[in-house]
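Pasting the structures here.
Here come two complexes built around subunit A, the first alongside subunit B, the second alongside subunit C.
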Partner chain A sequence: MGLLSKKDTKLITDPLADNNPITIQVLGICSALAITAELEASIVMSISVLFVMGVGNVVISLMRNIIPSKIRIIAQLIVVATLVIIVDLVLKAFAYELSKTLSVFVGLIITNCIIMGRFEAFALGNGPWRSFLDGIGNALGYAVILIIVGFFRELLGSGTLLGIPVLGDPIEKTGLYAFGYENNGFMLLSPMALIVVGIIIWVQRTRNKALVED
Partner chain B sequence: MGLKSNLHNLKEKYKGKKMAPAFNALHTFLYLPNETTHNGTHIKAADDLKRTMNTVIMALVPCLIFGMFNAGYQHYLALGEIEASSGFLGSTFWTWDNLVLGVWQVLPLVIVSYGVGLAVEFLFAVIKGHEVEEGYLVTGMLVPLIVPVDIPLWMLAVAVVFGVVIGKEVFGGTGMNILNPALTIRAFLFFAYPTWMSGDKVWVHGAVERDQMIAAGENLDAISGETLLGYYAKAGQELTVTGANGAEVVTTYADRAAELYSLSDMFWGLIPGSVGETSKFLIIIGALFLILTKIGSWRIIVSTLIGALTMGLIFNGVVDAGWIGESSKFYGLMSVPFWQHLIIGSILFGAVYMATDPVTASQTNKGKWIYGFLIGFISIMIRVFNPAYPEGVFLAILLMNVFAPTIDHYVVQGNVKRRMKRLKVKTA
Partner chain C sequence: MEKRTDKNTYTVIFAIGMVLVVGSLLAYLASSLKPRISENQRLEKQQNILYAMGINDNDETSAVFISTDKAPEAFDANVQDQLVITVDANGTIVKKQSRDEYFEETNQEPYLIDVKKQQASAKDGGERKLPLFVGANKEGKTVYVAPIYGKGLWDAIWGYVAMDENMVVQGAYFDHKGETPGLGANIKQRYFMDDFTGEHLLSNSGEFKGITVAKGNADPKNNNKTDNEVDAIAGATITGDGVSAMIKKDLKLYKPYFDNLKNQAK
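Presenting the complex of A and B:
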């Protein structure tokens, strides 16, 4: 037997596609709309959530037998808040510009429904190892969507990827811009993120009819 | 035999195949369908969807033709090659030169709009295996009329794909859409490529290029074509223009607007603007045609205008009461006489051709009054208060499109309640 049993592997792979927290459960939409105008911000956000969910799920799972169920939400909030503050301080120390771009949305990881949802639904009832895998899996599912949306929004909205111009220079009119191409300003606005997420949901459900609800 | 039987044979040949909807659409577009239904009771009436759509297109054609002449007229006027036309029948307006330039500029917009839009419709019909719907016929005609004449064709194509797919097909196609597809297309263009959709350079053909040439140091004696709303939004600010004798004159935007555009020009449509919305005269004729043929809802048109007038009156009242000083940036637009709001900008075009879209408007009669009134009201509010959006009509209509089902819901519920009460009184 390898490191991961078949059941454990499912914990990671399921949220990537058929049980994706964003496109199937439609959780965590708020941050997906707000910070995906640039690919870099999407990636940093994904890593932050990955850290918070992985560690948070383990901590909650370890404490699951000593948390009184009446105050469990508060206990969960304290755990997430602590982890988020760590992330926030690390970002401020090592990537100040990025932390300004992400602004309040790092803090708002606390209220990210995916995290609270996994604490409630999984970590409170499972051991630390499985909880860890579940946290990583859901965070990766979140990350996949964020990165896809961030990729298209930055490419079409600013003509760059990770800040590097890939379509030519819009001012000097080189590359694609020489043919009259222009960046799509709508892509930089939040409604377009919603539409891109919608298109991903559409594609996903067309490919897998089992996901279509009546 | 002729085309008809050829199409007929083609249709038979492709029956049940994947491409069938495409051939069926071509067949029904040109000829009456030759199928008969075999069950149920049917009402036979001439005004099917196709007839409805064609009537709207007929009402739009004068606007399109006028738009073509106007595109040429504004271009040559800006270059100073022709005199300003005196009135609607002025000798410098209905000229061959104007028409040729206008057709050269506007026809590609029409072709791209229809070509791309219908291609998307056909594609969806083939994939989904349903018949091609006529819904795009009117949209395709409206789109070229509500964009600036110089809009790059690829942008229009992208916007049309977006508008038809996201605005209509994802909801299930014609008759299911929440938002007006033509306005979705315009909204997309507006937010995606604002430099091509607003400002003072885009409304006259060639103005952008001329501006670049002037910036490059060439000596061109051509004015750019700010729309009237653009002028009013900056009414109090000063502006330097080169007068007739070459001397530079400092004036305000408000005075300049009055100098450039007279009320009669605005009414007849001899002003820069989107292709088809400038001539209020032709829009009114189109409106009468739509109302007489009972295609457009007069309730929506009238209530939209009432809403716009109400908001205009409120703003005039605020100015008269002295609640707002001349230094305010809203003063210019707020002090426009309330009735002039109807002939400035595209409120009339929106009210007649956009708000009345039977799919996205309210369905109940009372709902139509509320829906229209709010469109007019909000249009003028956006126009005055948001300098980033010099024209608010399309945003107001899209907003009310979203609320139309809610309005209907409450109207129907109100009706149910009233009748229940009556029932109780009777039975008591």
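Presenting the complex of A and C:
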């Protein structure tokens, strides 16, 4: 690859599988539970986190030599909060419709532990370009899990994908419902997100024994 | 050796500096964007009221407002009057004003009345101003749109309900500040809002009963319009309860107005 060195490529690809922020680092579980009842919400959240993590990691990396270590967590929190508020304000002024869809996610992004976790673990000790790649990589790893969980929860819970019915009409009893299939309303509740994430972790560790801790 | 950035004086100076930079940046952005944001919010209120009246660009499944550039014109054309009904703490009507009378007194458009502030004023035993927008829907029928405001699971929820003179719902719009995406946030989806259309707010004997967002009412298609119930959203019980509560509390206050209206007609 011309653009990225091997080491840099690893920064992007590692978090997608063997160092996934949700299933391996166990960060960002809270938002994975909260907003994965629908595929669309999962995708919107993934894109928002991608943006905030990319930019946030660069900002923190640029500031890494001037941030006092005693108050570094607060400094990181301020950077995330400021970024998110700026985005929210600009969207409210220039893309009001979009801002209404995203406003719900603003609070969730500020408190998302993946962002704080990567600031702390990577951006504070690395240069801006590598930090940017790390941010993008981890956000993509987060997105993959969110979208998988959102896909199964919406499909099994509501019988729809992105709001479009794919299994037939549960009230008219058409499609799959004609054979006695029922939506599993339990899939819409947060505990099921935890169980789906658990299954992903199980599958992943069965395939790659190196991930299993003693 | 201690690093320069570990010193207490440096830490304090950094903290103060950061707060000043971030604070002034945000304050500058917020104040310079404020006119645009409040203009957007003003247009949104017009769009909400028009939506409840049935003036919208809905396609088959999703809720679409009339576009922002057409909203002010459509608002002037379709909303014939914006009444302001003032009630005292007991819900008795003290005063009834038309849009022009109200505007002369306060220099404010009635649709910009803050329902939350009015609720707070009524809670303290004061008077409450109830805006009511009178207009014609697409079929030319006269409808009355009332704003409602309450709380869901996480934050505020609000809406606009269009009724006819018998307090039968003609259309509804709900919105929220921070309900859970995919669950409570679905109160602004068509499949939920459309269920309210045709539903009666009064019981068969003419008492105000409201509309309850009910779980397992054995009527998922909402064929029964006089049971004062609509089907709830799975996994969004508290948001649904919030919708029921704001309909009961806020729309009840309009009942005396509709009683008067009917008595006058007789």
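One rule holds for everything that comes next: the second predicted complex is superposed on the first by the 192 of 214 C-alpha atoms of A that agree within 3 Å, B and C clash if a C-alpha of one lies under 4 Å from a C-alpha of the other, contacts with A are read in each partner's own complex, and residues count from 1 in each chain.
In this text, a contact is a pair of C-beta atoms (placed from the backbone, for glycine too) under 8 Å apart; a residue touches a chain by one contact, two chains touch by 3 or more.
Note that the structure is predicted; figures quoted are calculated from it, not measured.
Novice: Return the chain, subunit B or subunit C, that is in touch with more residues of subunit A.
Specialist: C
Novice: Applying the touch criterion given at the start, work out whether A:86 contacts subunit B, subunit C, both or neither, answering first, second, both or neither.
Specialist: After superposition on chain A, A:86 lies in contact with subunit C alone.
Novice: Output check: A:202 vs subunit B and subunit C. Expected answer is one of first, second, both, neither. What do you get?
Specialist: First partner only, subunit B.
Novice: Of the partners subunit B and subunit C, which touch A:70 in the superposed model: first, second, both, neither?
Specialist: Touch status of A:70: second partner only.
Novice: Touching A:94, do we find subunit B (first), subunit C (second), both, or neither?
Specialist: So A:94 only meets subunit C here.
Novice: Please indicate which partner A:171 is in contact with in the superposed arrangement: first for subunit B, second for subunit C, both, or neither.
Specialist: second
Novice: Is A:26 in contact with subunit B, with subunit C, with both, or with neither (first, second, both, neither)?
Specialist: neither
Novice: Which partner does A:185 reach: the first (subunit B), the second (subunit C), both, or neither?
Specialist: Touch partners of A:185: subunit B and subunit C.
Novice: Would you sort A:163 into first (subunit B), second (subunit C), both or neither based on which partner it touches?
Specialist: The second partner, subunit C, only.
Novice: Name the residues of subunit A shared by its contacts with subunit B and its contacts with subunit C.
Specialist: 185, 189
Novice: Looking at the complex, which residues from subunit A come into contact with subunit C?
Specialist: Residues 34-38, 40-41, 44-45, 65-71, 74-75, 78, 82, 85-86, 89-90, 92-94, 96, 100, 103-105, 107, 154, 157, 163, 171, 185, 188-189 of subunit A touch subunit C in their complex.
Novice: Within their complex, state which residues of subunit C touch subunit A.
Specialist: 3, 5-7, 10-11, 14-15, 18-19, 22, 25-26, 29-30, 33, 36-37, 40, 44, 61-62, 68, 175, 177-183, 185, 220-221, 234-235
Novice: Show which residues of subunit A lie in contact with subunit B when the two form their complex.
Specialist: Subunit A residues touching subunit B: 180-182, 184-187, 189, 195, 198, 202.
Novice: In their shared complex, at which residues does subunit B touch subunit A?
Specialist: 152, 154-155, 158, 166, 170, 188, 191-196
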